[in-house]
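Please find the structures below.
Same chain, two partners: chain A is paired with chain B first, then with chain C.
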Partner chain A sequence: MANILIDTRRRRLSDLFGSPRLRRALSEPATLIGIILVVAHLLMALLAPIIAPYDTSALVGAPLQRPSWEFLMGTDQIGRDYFSRVVAGGRIALMVSFLGVAISLFVGTILGVVAGYIGGRTDEIVMRIVDSMMSIPDLILIAILTLALGKDVSALIPVVAVVYTWGVVRVVRAKTISLSTLDFVRAAELRGETRLAVMLREIFPNLIGLLGVELAVRISSAVLRISGLSFLGLGISQPTPDWGLMVQEAMGVVFTDPWFLLLPAIMLSSLIIGVNFMVDGLSRAFGIATAELG
Partner chain B sequence: MLASIARMIGRRLFMAFFILSFTALIVFLGTEVLPGDALTASIPAEELQFYSPEQLAQMRSELGMDRSIPVRFLEVWHQLMTFDFGTTIMKKESVATRIFHPIVNSAIMAGLALVVMLALVIALGVLASLKPGGRLDNAISTTTLFTYSMPDFVVSNVFVIVFAVWLGLVPAVIFAPTNAPKLTILAAAIVPVIALCVHGAAYQFRLLRAGMVEALNSDYVERARLAGIPQWRISVIHALPSALIPMLNATAYFVAGLLATSVVVEAVFKFPGAGGELLRALSQREIPTIQAIAFLAALAVVFANLIADLAILALDPRVRTRSSNG
Partner chain C sequence: MTQIPHIDVRNLRLVYKTGPGTELAAVDDISFSIGKGETLGIVGESGCGKSSLARAFLAYTRPGARIAGGSVLVSGTDILSLDAAQLLQFRGRKAAMVPQNPLSSLTPHRTIGQHMVELIRQHNAAGSLTPRDKALELLAAMELPDPAAIFKRYPHQLSGGQRQRVVIAAALVAEPELIILDEPTTALDKTVETQVLDLVSRLQKRTGTTLIYVSHDLNVVARMCERVLVMQKGKVLEDGPTLEVFTQPKTEYARSLIAAIPKLRSDAKSAPLKVAVDAPVLSVRDLDFTYGGGGSKLLRRLFPGPAPSRTLDDISLSITPGSTLGVVGESGSGKSTLAGLVAGLVDGNGGKILFEGKQLTGLATSRDRDLRRRVQMIFQDPASSLNPQHTVEQIIARPLQIFFGMSRAASRDRVVELLQELDLDASLLARSPRQLSGGQQQRVAIARAFACKPDLVLCDEITSALDVTVQAQVLKQMKRLQQEHNTAYLFISHDLPVVAEMSDQILVLEKGQVRDYADTGTILTNPKSPYTRKLLDAFSTASAQAAQRTVKHVS
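Up next, the complex of A and B:
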């Protein structure tokens, strides 16, 4: 009888798709809009070289032209096709964020699971380091790191990784601690499995939903931070098209042509809004707590 | 009882000290040890080629940079911990004097933002929890998620366009000098503070709402409800105190985010604060100033967290009895 009461279920990837929960999530308009926005943005970023009619850094016409069939969104201050730049403006930030966040998820998951499952002194040390890193405002940490590593775009990847690892550790550790008390983990321990096996086979599969949420939320947060950094002149620099940088450039002509500011601002906002609404809806449907928004 | 509270506060203070020392180490490593050093970083690249290696070596020894890394770190650590901050490398100006007014101005803005935001978040949290899942709750939750997703520099710029360009209510940028009377600074901070709240209130609101929903589902609230106490009174007096705790637990994270956002907001509104000073120091690679501002930002976060811990102690009797082991 006691055997039956032991909960040995593990969550598998296949459970996430094709379930009634997903269908319920999709029936909410906000979630659906979020998913559509994210898919549209990903397609646009991937296909930007095909969609964009001109080279993003080529001078193709007179500066500050009105929109026309030749230049769908007009031309910018030095005569580059604005439509091409708006379409490509999220690519670099997205790519850098994805790679950086992927590293931080990898490192953060290892640290979080180990700290949460082993506990004791290991946990204490890891968490004090996490607390310290999270006490430095991320923008200041990013600024210091870009100063140290240089302003090259590839240098932004480790910067993003360093900044986002600590939040991942906290979330993963909390989840690991709550999982560690559950029956299927105890059962594995009683079977005599090693700690490593328990962490890999029992705890990790149950973190996948949470890690999916983390991936999306941290990427949107990283894109936001990188564009903020580019806006301040500390991130992506000319001639690479970037929405943050374009907003900054457009501030000079905001009184005469506010559209130059609003177009990249709308693009960036719609990406972040899409990610947040998608994550909010999906995580509610699948019962994954997301108190910690990026 | 009192002894255990004292022990807990002592433990927190020790942790604050550890966190600040660690922060000093990170800032030191980031600014002084990684590629190049503070000296070559301070000299513009196009001028650097005119210095001979001997000249640079001599300047280094004058600045004490030829000493070993641990010795230099201890010096930086001691400076930061005693709020001395030293002088800038090239011009030999006192960093403390330079950043005093910008730091005070930023503190005024961040403090005002904190007060306004807390009031706003508590009001919204109570309103949303009156009927969880109801129309008002959904409207507030969706709106805050929406404003949370708006990039801070976009919100600020939209504010400039709307308030300054279209309505002409306020000047587009602030022309107050850093040492302007603090009342002028306070007035200048109003629009930036609203911009900060638009972005920052959502995160706190989510935590508070989650806490309210949990508290309202608990047994003691059920008892109060059965006793016939009106809903608003239950929300404010019975549920709110314990619902504030998850929000207060995230204070460090929240204040760090607020400070990061205020760098951006200050840049848009040209607010004469520490954010602008930090950006200037970064572009001129003025290492001691960067170290000082980064350290003070971390200090603000640690201090806010300490106050939040004390508030939790006051709100939650369970923590007081548990504090001997936590």
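Up next, the complex of A and C:
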């Protein structure tokens, strides 16, 4: 019974860093590598304008130059500095993913908690909507949405939100149902708490650990997906630097200049691997069941 | 008895890794020996290392644990030095274990027959019989009705008692010389437990197997074992003949452990006068409750679920202010449904519940606030009834805010007062329930109930998740609170001695029907129904059981 409870107490930051659980988590090499990768990626995305020596879309040299002190990773097919583009290539995807996933978590949590706690007919209606949305293949859904919303980068935010909400609803609902069987919810009902108070005061605080995991895992999944869309020409478009787009551009020169393909691919995979290692390690240490991605 | 002891434990040390470089000894330098055919009980409270010790007899450790020193000699061989192949030979053939939860030790998708036949093949134990016949023979020896039918069933199709018998049969396949039983009957009802225990001791007498019995239940150990080890914090405190340990414990801890066992006393208090004088705070008349059977006729025809079952059948009772009515029953007797109906967790469908003469109906949310305040409930498992994300202060202050409109600042003093009333320190205010022991948690739950100044408190198995010594404390505090606040209790438990200690009157429930309803003294000395008598036998005191067993053994 007790293991379904999440153990993330309200504590001061200093408590958290001194906690034996965190120390144990950090003693695992994989978790530590994950955290370092994620932090490095975040710093790189935030500081890209400072790190990048050139404007990412400016033509600064002859095309397809080899790496040199002037151009650390050479120049691309039309003569832009490749290092600057690699450094900045995750910014837009990360920001779009973060905003989109935040919206999906907000909406998904509300729907999931309501469906899971109220149950009955409400649950049926919400879950059948979720089922029908999830039965539409993602790519078709995305294609329809991009057609409707236009190809602007900001239009990708609602696309990400719509795609990820339904999985969040399922995960949150399942957790809410298991929490609702616990006696502290009975006790609250016997006190005469309103349904809203039960959901906000009793159930929601127990979801925070799970939502943290969802946020991290889904952002990394969304970054990958946006890159895939960019690769297919549905996501981010020129001249914005984006790893997915850069992989696509590199296809033509893959046999002569393979690092054009390898560099953005390494960036993308190190971010995904980093997030997964970090989340696995932390959720194991803090006893949060990692949810399957819906 | 042979010259060499059957089992010889020497300086055994078993440690758990608790962090980098730190270890905790669960078994701390223990030595003792057991003769062939002896029955040894190992008792102690949770965390004393008894289960870790029991596993060491099979050279097995839980994940995170390791044997740090010493030896376990079984018939002269040190089993801790055996290699994997030898261990496989040893386990099952020389020694077997009956685990606590039979359901998790049987594979759900395989029939009982498949389980048994596999084991019999593995150990070549069939002899001249076919494996199937051998399995049937073993099941029959467990006194299971219709072994051929059991053979074909899946684990979930058996009752708890049947499953436990099957697991014991599985342990007996290769006729091991040593059987370790780890809390084998803790999950069973008391009357079923008695049957299983009797069966085990008959088998033991016939085969002369050495039996190690691990339990937190001293009554069970007294019934089963000639000799008993009392453990605390990884050490053996007492080791001696059962009757001696129970009647003349040498250490303070053993004495407190034995004193904490609730005993059935026939001189129990009874308060018929009080009952007659005061108007009842709660009275229940002809209460019926049926699960299922709802919905339209068409729906029921399309989806015929389980037939509606009557959980409560014509229950009538009354409780006077400041007194306690105990409700005893085994699982499925309907005792929790009764509490749920009074509390307003489930909606009733027949009969009347009157609180001070006013009808209590519907769910708690539809009752008025004052009624909700005056009827409180304390749940069985505090780990579940306290929100792990709230602090102790938030937990106890919430009802103060709701029912008395107290501000946060005003409620703090009152929370501290309530904590002190339950002998809890004010320093616990900012703790989360997870940082408290089981006993502290349950006392916080009690404080939350008493924050409401209730007139009636429904106690649903409130001590069954606690160790005996903690249970004794909590019961004492509950009695004190009752006297100070003149609160009435509806005290529900499967544990008859606990109920008898707490209650002025007792109601015995079986299958939703009242079997007995009288004051405590009468129930204990002169019960009307045979069912109550059976319960009384199952719960007779540890020393009485030990004495009885000794007599049986001699004759």
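Going forward, the second predicted complex is superposed on the first by the 273 of 294 C-alpha atoms of A that agree within 3 Å, B and C clash if a C-alpha of one lies under 4 Å from a C-alpha of the other, contacts with A are read in each partner's own complex, and residues count from 1 in each chain.
The definition used in the following text is that a contact is a pair of C-beta atoms (placed from the backbone, for glycine too) under 8 Å apart; a residue touches a chain by one contact, two chains touch by 3 or more.
The shown structure was predicted, so the numbers you read here are calculated from the model rather than taken from an experiment.
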item	value
First (chain B), second (chain C), both or neither touched by A:A40	neither
Partner chain in contact with A:M134 - chain B first, chain C second, else both or neither	first
Chain B versus chain C as contact partner of A:A143, first or second or both or neither	first
Partner chain(s) touched by A:I78 [first = chain B, second = chain C, both, neither]	neither
Which of chain B and chain C A:I125 touches, first, second, both or neither	neither
First (chain B), second (chain C), both or neither touched by A:G192	second
Partner chain in contact with A:A58 - chain B first, chain C second, else both or neither	neither
Touching partner for A:L234 - first (chain B), second (chain C), both, neither	first
Contacts of A:L200 with chain B and chain C, given as first, second, both or neither	neither
Partner touching more residues of chain A, whether chain B or chain C	B
Chain B/chain C common contact set on chain A	none
Residue numbers on chain A that touch chain B, as the complex places them	30, 128-129, 131-141, 143-145, 147-150, 220, 224-225, 227-228, 231-234, 244, 247-248, 251, 254-255, 258, 261, 265, 268-269, 272-273, 275-277, 280, 291-293
Complex contact set, residues of chain B against chain A	15, 18-19, 22-23, 26-27, 29-31, 34-35, 41, 142, 145-146, 148-154, 157-158, 160-161, 165, 202-203, 206-207, 210, 246, 250, 252-253, 256-257, 259-261, 263-264, 267-268, 278-279, 282-283, 285, 290, 293-294, 297-298, 301-302, 305
Residues of chain C defined as touching chain A within the complex	19-20, 343-345, 363-365, 367, 369, 372, 376-377, 379-381, 383-391, 398-399, 402-403, 432, 434-435, 448
Interfacial residue positions of chain A with respect to chain C in the complex	1-2, 5-10, 20, 24, 27, 182-184, 186-187, 189-193, 202, 205-206, 208
